[in-house]
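Consider the two complexes below, in which chain A is the common component and chain B and chain C are the respective partners.
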Partner chain A sequence: MRILLIDDERELVTTISERLELRNIDNDWAVSGEEGLALLRRNHYDWVVVDLKMPGIGGFEAIKAIKREQPGTRIILLTGHSAPEDLDRALVLGADRYLIKPVDIENLLAVMAPAGQKE
Partner chain B sequence: MSFWSKMKPAFWDRSGTEGEPLNYRRLLKITFWSAVAVSLVPLVLLAGINFYQFEQQYRFQRNEITNQIQRLLATTKVQIAYFLDERRAALHYVNLDNTYQELGERDRLESIFRKLRDSFGGFVDLGLIDQAGIQRVYIGPYNLQGRDYKDQDWYKEVQLRGIYISEVFLGHRNFPHFVIAVRHEKVAEPPYILRATIDTGRLNDLLEATDLQPSGDIFLVNETGVLQTPSRLFGGVLTKFPHFSSSQAARNAIVDAVGPGGAPLLVGLAKVEGSPFNLVVVNQPRTILQKWDVLRVNVIIMILLSVFAIMLVVWRGSTNLVNRIFEADLKRAAMLHEVEYTNKLASIGRLAAGVAHEINNPVAIINEKVGLMKDLLEMGGEFPQREKFLRQAAVIRDSVKRVSDITHRLLGFARHLPVKTEEIHLEELIKDVLEFLGREAEYRGIDIRLDIPADIPTMLADKGQLQQALLNILNNALAAVKDGGLIEIGVSRLDQGGVAVAISDNGRGIPAENLKAIFEPFFSTKGEKGTGLGLSITYGIIQKLGGHIDVQSSPGQGTTFTLHLPVRPGTAVSVGGQGEGSG
Partner chain C sequence: MIRPEEQEMTEVMLDFFGRVTASATHEIKNGLAVMNEQSRLAGELLELSRQGRELDPGRLEVLIGRVVDRIGQTDLVVRRLNKFAHSADLGRDRCQAGEVMALMAQMHQRLASTKGVSLTWDPDRPASGLVGKACLVELAVWTCLEGMIAASAAGGRIGLELKEEPGRVTFLFRGELTGEPEKPPAWLLEALAGRAEIKGLEGLDLSVPAAGEGVSGKD
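Take a look at the complex of A and B:
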C-alpha cells in the first residue's frame, strides 16, 4: 500500500509520514497541491490524504485532478473543519471519506485497512 | 366589580409595563373616546335641537293658553258686568217709571217684582226702604217688612253713591245670593231706596257657559279673595281662594300658581268694574302640555338607550381592535425573540467553527508529534527514563484528546447536516440512548424510569440527531442528580398530532436567573466538566426537527425538560422555528 500525504502544514505531513514509515507503510508527502500532483504524475498511490484549504491548488481541485489522473486511487479528506456543503462537495467530487483533525494514526489506518486492498 | 372583571380586556393590567411597544390602555382610551365622540356628537346635537324645538313649542303652547285665558277674562268680565248692569238698569227704570207713592202700594210693587223675575230672572225679593231706613214694603219669601237698615253699612253707601252691589252671602235658606240697591231721587219726592236680592245661580250658569278647557276653572271672588261662586278646584262659595291679589286683578294679570294637588296653574285675574267681584280664570297648562312631556320623556329615554348602546358597541369594538394589536405585538415579539435567538446561535456557530478550525491544525501537529514520540519510545531500545517519557506522552495525548473533544463538539454544534429522516420507534431510540448512560447510572445508583404508552406512533425524524438531543438532556439530568437520585422519562401524545417527551430529575434544579440562558452556547454550570454546548445543540436539533423545548425547574426540587416533537416533519408543533441558514 502506498500513500500520498498533501497538506500545507509541513510539520504535520512530515510527522505523519515518519510514523507511517515506522510502521513500514510506503508513503510520500507534499506541502502544496502542485507538489502533490507532480508526485502523483510520477507514481501510483493507493490512497491520497489531502487537506482542503491550501494556498495555490486547493483540496477540491486536487481531488478533481487525482480522479482524473488516477481514477482508482482512494481519497481521504483531512481537514480542520469545513462547512457541510464543502464536505458534501468533496464527496461528490470523488473523495471517499473525510476526517476531522486531529486524527490518531490508528484511526487513519483503520479507515484505509478494510478497503485498502485493491478491488 | 364582577362586571368590570368581565369587561376588562386582557392587556389592561399590562399597560405601561416596561418594554411594551405600545401603551395599550392609552390606545384603548383614545380609540374608545374618539369613537364615542364621533358617534355621540351628532346625537347630542340632534337632542339639543330637539329640545330647543320642544322649548319653542312649549312656550308657544303656553302663550296660546295665556291668550285663551286673557280672551276668556275679557269676554266673561263684560258679560258679568252686563249682567249686573242689566239688573241695576231695571231697578233704575222701575224708579223712574213709578212714584214713591206708587211703589209704596204693595200690589204694584208685587206686580213689578213678578215682571222683573219673569223677564230677567234671578230676583229673589224686592223691597222699598224709606228715608228713615225702614223697609216700607217687602215682596219676597222672608218676613222683612218694617226692618230698620238705617245703621247698616250698605245703607250708608247707597245713600252716598246711589248704587250698591253686595258681596255674595248665604241667606236664611242657606243659598248664595247678593243684593243690588238703587237710591231714588226725584224732585218733590222724598228719597228712597229700591233693594233687590239676586240669586247667584244665574251668575253660575253664565260662568259655566263660557268656553273653558275641561281642566280649567272660572269663578268670582270678592276683594279679599273669598269665593263668590263655586270653584271646581278651590271649593264652594265663601271659601278662601289663596292666589288672589287685588292689585293684580286691577291689572288683569296672569300669574303662575301651584294648585291644591301641586300642579302648576296659570291664574288670570280681572276686576269686574262697578262691583265687588273679581273674575278668576284658572288653567292647568300641564294637562294640556302633557302630551309634549310624554314625547320629551320618550326622546330622553331613546337618547339614553342610544348612548348606552353606542358606548357598549364602541367599547366592544375598540377592545377587540386593541386586543388584536396587542396579540399581534405579542406574536411579533415572540417571533423576534426567536429570530434573534436563532441568529445568535448561528453566528456563534460560525465563530466556533472558525476557532475550531484554527485550533485543530496545531492540535493535529501536537497530536502527531506526540504520537511520533510514543512510536519512537516504544520501538526504540531501552533507555533510563523511557517509562517516564511514555507517561508524559500519554498525558499530552490525553490533553490533546480533551482539546479535540471540545473542538469536535463545537463543530458538531456549528454543523448543520441535512436532516435524514427515517421511521423511528421512540421506545427503541430512548432505550438505545439509555444504554450509553446505563453504566454510569448503575454505578451511581441512579434510578432511571421510562414510561411510554403502547400507542405512541412511530415518528419520521433524524435518528442520530434525536439521539444526540436526548443524550444531552439525559447527561445534564445525570449531572444534576445526587447518587441514588431519580430520573423519569415520560412520553405522551399531543393533541396536534405530536409527541411530548418529558425528562424529569429530582436534582438540584436551575435558578430562575439561569433558566433564560441555559440554551445559549458556552453557558455551563458544570465548571470544567462542561463545554456549555450540550443544550444549545439540543435546542438547535429540536428546532430543526420542527419541535420546541420547554423547561421548568424549581431549585432544590428538580428540573423537567419537555421536548415537543412533530410525528411527521413539516407539521410543526406550535412555535417550532425553522432551521436556520448555513453556518
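Take a look at the complex of A and C:
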C-alpha cells in the first residue's frame, strides 16, 4: 500500500509520515495541493489523505484532480471541522471517507484496510 | 418588537462572531492535531526502544521541543480568542486602535493565507484611543480586511497602518487590488460616527473619532 499525504501543516504531515514509516508503510507527503498533484502525476498511490482547507489548490479541487489523474485511487478527506455541507460535497466529488482532526493513526489505517474499504 | 435595522445588526454581529470563533478554533484544532501526532510519535519511539531498537535522544529532544513550541503558538490563539470574546461581553464603549488592528489582523491571517494573501501590520504601534464599542470597531476593521482580501489576487499583500490626527484615528488598508474593496455597511459607520473612503485599487481608509483619556482596553 502506498499513501500520499497532503496538508499545508508541515509538522502534521511529516509526523504522520514518520509514524507510517515506523509501520513500514510506503508514503510520500506534500504541503500544498499543487505539490501533491505533481507527486500524483509521477507516482501511483492507493490512498490519498488530503486536507480540506489549504492555500491555492484546496481539498475540493484536489479531490477532483485526483479522480481525474488516478480514478482508482481512494481518497480520505482530513478536516479540522465538521461542516456537514463540506463533508457531503467532498463525498459527492469522489472522496471515500472523511476524518476529523486530530486523527488516530490506527483509525486511519483501519479505514484503509480492506474491511474499511467496504464501509 | 425588534426593528429591521436592529435585526440586521444582530445578524451581522452573530455572523462576525461565528466566523472569528470558527477560524480561531480551526487553528486550535490544527495545533492540537500536530501535538497529538508528535507526542504519539514520541511514545512509539520509546516503545520501540523498550523492544530493543536504538533510540536517538536528539530525535526525542526535537519532538519535545516542537510540542512545547506548538503549545506556545496555540496558547496565543486561545488568548486572542479570549480577548476577542471579552470585547463583546465587557461591553466596552472605548478601545485602543493599535490593539484592534493587531487583534483583527492576527485573527484574519489564516483566512487570508488560505486565499494566498499575506497581511502585514505594525505590531508595536502605540495604542490610540477610540470612541465606539470595541466589538463594533473590530467588526468594521474585520469587514475592511474581508473587502481587501476579496479584492486581492492570490499572492497579494495587504498592509495595515494607523494614522493619528487631532480628533480622529484612521486605519489605512493598502494593497495592489484587482477591484475596489467593499466599505463597511452604512449602519456600522453611523454607529461608530466613522467614515470609509475607497482609495481606488490601492485600498481604503476607515476613520473614526479619537477618544479622550480613560481608555479601557485590558482585562
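Some points to look at:
Operating definition for what follows: the second predicted complex is superposed on the first by the 113 of 119 C-alpha atoms of A that agree within 3 Å, B and C clash if a C-alpha of one lies under 4 Å from a C-alpha of the other, contacts with A are read in each partner's own complex, and residues count from 1 in each chain.
Please note the rule applied: a residue touches a chain if its C-beta (ideal position, glycine included) is under 8 Å from a C-beta of that chain, and two chains touch if they have at least 3 such contacts.
Since the structure is predicted, the reported quantities are computational estimates derived from the model, not experimental observations.
Annotation for the three-chain superposition on chain A: chain B and chain C clash. Of the two partner chains, chain C is the only one touched by A:G58; chain B is not.
Residue contacts after overlaying the shared chain place A:K101 against chain B and chain C alike. In the superposition on chain A, contact is made by A:T15 with both chain B and chain C. In the superposition on chain A, A:E85 makes contact with chain B only, while chain C stays out of contact range. Once both structures are laid onto chain A, the chain B stretch out of 76-84, 166-174, 364-372 or 454-462 that overlaps chain C is 364-372. Overlap of the chain B and chain C contact sets on chain A: residues 9, 11-12, 15-16, 18-19, 22, 80-81, 101-103, 105.
On chain C, the positions that touch chain A within their shared complex are 22, 25-26, 29-30, 32-34, 36-38, 40-41, 44-45, 48, 66, 70, 113-116, 154. Within the complex formed with chain C, the chain A residues making contact are 9, 11-12, 15-16, 18-19, 22, 53-56, 58, 80-81, 101-103, 105.
Residues 353, 356-361, 363-369, 371-372, 375-376, 379, 400, 404, 407-408, 411, 414-418, 582-583 of chain B touch chain A in their complex. Chain A meets chain B in the complex at residues 9, 11-12, 15-16, 18-19, 22, 79-85, 100-105.
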